[in-house]
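One chain, subunit A, links the two complexes that follow: it is found with subunit B in the first and with subunit C in the second.
Let's turn to the complex of A and B:
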C-alpha cells in the first residue's frame, strides 16, 4: 500500500507540473488557434531565471516565485512579437497557423542554440532552497516541495479555468478562436486578447521553471523541451483546446506512467503515454473531453 | 597579297586546344602542389614520399548541439597540446597543425561528414581526443576502416566489439582512451568488493534507458556472473528524468544496499535526492557521466555522503601536480579548463607515436610505431597499445569521494582500480 501511495503521489506531482505546461499551451491555442512549439524554452528560461535569482542574487524562493510571472509574461510577449504577430496577418487561415507552427519551431531551436552558447551544456546544478526531507502521514510520504508544487499548480489551473470560463476576457478569447472577424465586429480586440494569452502562457511557463528547480536540479539548455512531448500527448488525450481536458489528460498519463514503471517495467514506462493516446483516440478521436466546438 | 582572315571555325578550334592545354597544365600543377603539401601520402595509399610541411591532426568534436560542452573542454585542450609541442620544435622537425570539424555527438551521419572533411579535405593523417561513441563508430566503420588513419578517441563507447575487433587492419585504427561504460561498472564493483571494503550485500542498478545505461548493466552482469553473485535488482530510468521516486522505492523495498548508477546527471541527482528524502542511505557507485560537478551543486552534502564517483585522471583535479600542469597548458590556450585536461592525453600520446614513427613519416611507419611499447602520460598514466588486444586502451579509473568545499565540491581520491575480469567484446583481463 505504501508503495502504491508513493507511486501515485509521484505521478500526481509530475502530472501537476505537466498540467501547468499544458494550460500554458492551451491558453495560446484558445485565443489564437496557434500552437507554440517554443513553450519548452519558456520553461527553460524560467529555470535559468530562477537559477540567477536563487544562486547569484541570493533571493528567497518566494521572491523568485512572485517575480516569475512577470519574467514569463515578458518572454511570452517577446515570442508573440517575433514568431506570431508578423505572420498571422500576412496570410489567413490554416496557412498562417502552419507558418506559425514553423516559426515557433525555429524559435525553439534558435533559443536552444543561443543557450548552448551562453550556458554550460554539461549542466548547472541548482540546490534546493529548502531542506530535503519527507513529511510522513501514515503510508503517505511527501516532501515539502511536492506539496508546494501541487498547491501552486492547483491554484493556477483553477484561476486560469475561471478566467477562461467565467470572465468576459475568457468569452472574448473563445469567441476570437471561433471567428476573429465576427468577434472583432462585436467589440473584441483580437490583438489585445492574443497578447494577454501569450503573456499568461509565458507566466505559467516561467512558474513551471521555478517549480522544476525547487527540489534541486541540473539545468541544461534543453531542460524544458522534453516536457512538451508528454504534455501535448496529455492535452490531445484530454481534448486539445480544453483546459480541463488538458489537465485531466496530463494527470492521468503521468499517474499511469508511474504505476506502469512501478508495477510492470520501468524500462518501457516512457511508451505508456503514447500507447494510451492511441487507444483513446481510436475510440474517441476528439479526446476525452474534446468537442468540435471549442469550450472549456 | 593581303592575308585572308582566319576562318572562325579554325579560330575557335585553336582556342579550344589552348583552353584544354591550359586546363591540363593547371591540373597537373595542382596535383604537384597537393603532393608537396601532402603529409606523408594519402591515408589509404600508404605514401612513400619524404615528409614535408606540417603534420595535420584532426579532432572531431560536438561544436554545436546538446553535447557542445565536450568541445568546450576538448578543443582548447588539444589546441594547447598542439601549441605546446610546436613551441618545443614540433615533431621530428615538423610543426603540428590542428584542424577540427563538427561531429555533433547525436548523428552518425554528421560524424561521417566531419571525418570526410578533416581527412579528405583537410588532409589529417590522424585524429585525437574525438567524441562521442555513436559518431566515432559511424566514421570508423565508413571512413577509417581499411585505411591507416589513426584515431585516438576520448570516448569509451562505440568501440567495435565484433570478433575482428582485435585486428585494426580489418576494423579501423580507432583506439579508445576512456573505459567503456561496461568496463566502468566492472571497475566500480571490483573496487567495492575489493580495496574499497564496502562489502555490498544486495546489489542494485539504476540504468538509463539508452546505450549508456545498457552498457552499464552489461558490465554489472559480467561482474556478477564472473564472481557467482546474485543477480542485481535493476531499475531503468529515462536520462532526462528529474524524479526517481518509483525507482528509489523499488530498490529500497528490495533491500538493496549498493547501487551502480549508469545515468546522466539529472537522474543521478534524482536518485540521490530521492534516497535522502526517504531517509535511505545506500552506497551509490557512479559511472563517469554520473560524477559530474552539477550533481553535487544541486544537492546538500548529506545526499552524496555515500556516493563514490570516478575519473579517468590519475589524480584528483585539485592535486598540486594536476593544477600546476593545468596552469602550464593554459599559457597556450587560456580557454582550457580542468574538465579539458583528460583530452590533452590522447593528443600527447599521439604525438609520442608520431615521434616514434620517425622523420620519414608514412601511414605504415605510424601504424608500426603503435606497437613500440608503453607511453607514459601525466594525465592517464602509462598506456600501451598491444597487438591482438581490444581497442579499449584505458580500462582503469580513479575512485573518488566528494566533500563540500565552500560553495564548491572537493574530490578526494580513495583508490585506483582496473578490471580483473574479462568483458566479452570489450576487455581481456590478462
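Let's turn to the complex of A and C:
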C-alpha cells in the first residue's frame, strides 16, 4: 500500500509537470494551428536560466520562479518571430503545417547545437534549493518540492483554462483557430492573439524548467527535448486541442508509467507512453476525448 | 518546397507528363555515376570512407523523398528503420552466418515488411496525428534498440562480425565503396523508374488532394501503404550498408535527431523532385565531412541552412542555379517589402 501510494504520488508530480508542458503546446495549437516542436528547448532554456539565477547570481528560488515567466515569454515571442511568423502568410493548409514542423524542428536542433557550444555537454549539476527531507502523513510520504510542484502546476493550469474557456481573449483565440479571416472581420487581431499564445506558452515552458531543477538536477543541452514527445502523447490522448483533455491525458500517462516501472519493469517503462500513443492513434485517431470532426 | 497545388486538376497532372525533370536529368546522373567509379583511384582510404558514408545517405534521402516529398506522408522514421536494417544485418551475419549480400537484402526486406505494418497503423491518420504517430514509432524503436541488449548490445554498441566482401575480410575501403555505390546506383535507377512513370503521378495525386484522388478511382490507402513499403526498403538497405561500412552500431546513430538531419537533406535538396534528394544528400552529408566542424557548430549551421532554404529558395537545390537565383532575388525583395510595410 505504502509503495503504491508513493508510486502514484511521484506519477502525479511528474504528470503535473508534463501537464504544464502540454498546456503550453495546446495554447499555441489552439490559437495558431501550429505545433511548436522547439518547445522542449524552451524548457531547456528555462532550466539553464534557473541554473544561472540559483548558482551564479545566488538568488532565492522564489525570485527565480517569479522571473521565469518573463524569461519564458521572451523566448516564446522570439521563437514565434523566427520560426512561425515568416512562414504563415505565404502558404496555406497542410503545406503550412509541414513548413512549421520543419522550421520548429530546425530551430530545436539549432538551439541544441548552440547550447552544446556554450554549456557543458557532460551535464551541469544544480543542487536542490529545497531540503529533500519528506513529510510523512500516514502512508503518504511527500517531499516539499513535490507539494510546490503540484500547487504551482494546478494554479497555472487553472488560470490558463479559465483564460481560454471564460474570457474574451480565449474566445478570440478559439475563433481564430476556426477561421482566422472571419474572426479578424469580427474584430479579433490574429497577430496579437498569436503572440499572446506564444508568450504564454513560453512562460509555462520556462516555469517547467524552474520546477524541474527543484529536486536538484543535472542539465544537458538535451534535457528538455524528451519531455516534449511524452507530452505530445498526453495531449493526443486528450484529443489535442482541449486543455482539460491534455491535463488528464498527461496525468494518466505519467501515473501509468510509474506504476509500470514499479510493478512490472523499470527497464521498459520508457516504452509505455509511446506504446499507449501508438495504440490510441491506431484505434481512435482523434484521441480518447477528441471529437471526430471530418474536414473536407 | 515547391508550392503545393491545393486542387488536383487535370492540368496539374498533364504538366507532370510534359516536362518530367526525371527524364531530363536521367542521363547526366548516369554519367556522374560512371565518374564516381573513378574516385577510388583518386582518393586515399580515409576520404574514400567519408565519400562512402555520403553516398549511402542518397538512399535514405530517396526513401524520404518518396514518402514525404511525393506522397505527402509526414513520417519521420528514417533513422529508426535504418537502425532496424543495420541491427538485422548484424544479427543475420553474426547469428545465422549469412554472407554480406543476403544479410543486407533480407534486412531490407524485413524493413519493407515493417513498412507494411506501419502502413496499417498510419493510413487513416493525417496532419499532426500522423506526424506524432511516426514520432511515437521512432521513439519506441529507439528505446527497443537501447534496451534489447541481447540483440543490439544496448548503449555499449555492437561490433558487426563476419564482414567479408569478395573474400576480403575485413574488406578494403575500395570494396565497401564499390558495394555502396552499386546499391545506390540501383536505388537511383529504381526510383527514377518509379517516379517518372504512372506511380509518381499517383503519389502526387494522393499528396495534393486525397478526396479528388479518391474520386478519380485511386486506391488512396493502398498507395500510401505501398510507398511506405518502398521507402522503408530504402531505409533498411541504407541501414544494412551502414552496418557493413561502419562495422559498429550504437543506438545514438539511429535517434530522432538523425532522422531530422535526413529530413533536412530532402528539404534543402527539393521535395518531390527526382534530383533533389541526391543533391541534398551530397550537400548536407558532404559539407560537414569536408569541413569537420565540432558537433555544435555543425548543428547550428545546419539549422541556419534549413531556415535559409525554406525562406528564400523554397524550391530547394533541385530548381537549378538559374531558377534558384531568381527565386532568391524575388523572395528577398518580398521580405524587404514586407519589412518596410510593417515599419512605417
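The definition used in the following text is that the second predicted complex is superposed on the first by the 285 of 296 C-alpha atoms of A that agree within 3 Å, B and C clash if a C-alpha of one lies under 4 Å from a C-alpha of the other, contacts with A are read in each partner's own complex, and residues count from 1 in each chain.
One rule holds for everything that comes next: contacts are C-beta pairs under 8 Å (C-beta built on N, C-alpha and C of every residue); 3 or more make two chains touch, one makes a residue touch a chain.
All values derive from a computational prediction rather than experimental measurement.
A.B. asks: After aligning the two structures on subunit A, examine subunit B and subunit C and state clash or fit.
C.D. replies: clash
A.B. asks: Considering only the touch criterion stated at the top, classify A:107 as touching first (subunit B), second (subunit C), both, or neither.
C.D. replies: A:107 sits against subunit C, while subunit B stays out of touch.
A.B. asks: Identify the partner contact of A:135: answer first if only subunit B is touched, second if only subunit C is, both if each is, neither if none is.
C.D. replies: Neither partner.
A.B. asks: Looking at the overlay, what does A:277 touch: subunit B (first), subunit C (second), both, or neither?
C.D. replies: second
A.B. asks: When the two structures are overlaid on chain A, which partner does A:3 contact: first (subunit B), second (subunit C), both, or neither?
C.D. replies: first
A.B. asks: By the touch definition at the top of the document, which applies to A:267: first (subunit B), second (subunit C), both, or neither?
C.D. replies: In the superposition, A:267 contacts both subunit B and subunit C.
A.B. asks: In the overlay, answer first, second, both or neither for which of subunit B and subunit C A:13 touches.
C.D. replies: After superposing on A, A:13 lies in contact with subunit B but is clear of subunit C.
A.B. asks: Looking at the overlay, does A:116 come into contact with subunit B only (first), subunit C only (second), both, or neither?
C.D. replies: A:116: touches subunit B and subunit C.
A.B. asks: Determine, under the contact definition given at the top, whether A:126 touches first (subunit B), second (subunit C), both, or neither.
C.D. replies: The answer is first: A:126 touches subunit B but not subunit C.
A.B. asks: Where does A:218 make contact in the superposed view: on subunit B (first), on subunit C (second), on both, or on neither?
C.D. replies: The first partner, subunit B, only.
A.B. asks: Which positions of subunit A sit in both the subunit B and the subunit C interface?
C.D. replies: Shared contact residues on subunit A (touching subunit B in one complex, subunit C in the other): 113, 116, 267, 270.
A.B. asks: Show which residues of subunit C lie in contact with subunit A when the two form their complex.
C.D. replies: Touching subunit A: residues 1, 3-4, 6, 72, 74, 120-121, 124-129, 131-133, 135-137, 139-140, 143-144, 147, 211, 256-257, 260-261, 263-264, 267, 294-300, 302-304, 306-307, 310-311, 335, 338 of subunit C.
A.B. asks: Quick one: which bits of subunit A touch subunit C in the complex? Just the residue numbers, please.
C.D. replies: Touching subunit C from subunit A are residues 29, 35, 82-83, 86-87, 89, 91-95, 97-99, 101-103, 105-107, 109-117, 229, 232-233, 236, 240, 267-268, 270-271, 274-275, 277-278, 281-282, 285-286, 296.
A.B. asks: Where on subunit B is subunit A touching in the complex?
C.D. replies: 64-69, 72, 209, 235-238, 240, 242-243, 245-247, 249-250, 253, 265-266, 269, 273, 276-279, 292-300, 302-303, 339
A.B. asks: Of all residues in subunit A, which touch subunit B in the complex?
C.D. replies: Residue list for subunit A touching subunit B: 3, 6-7, 9-10, 13-14, 113, 116, 120-128, 131-134, 141, 143, 212, 215-222, 226, 258, 261-262, 265-267, 269-270.
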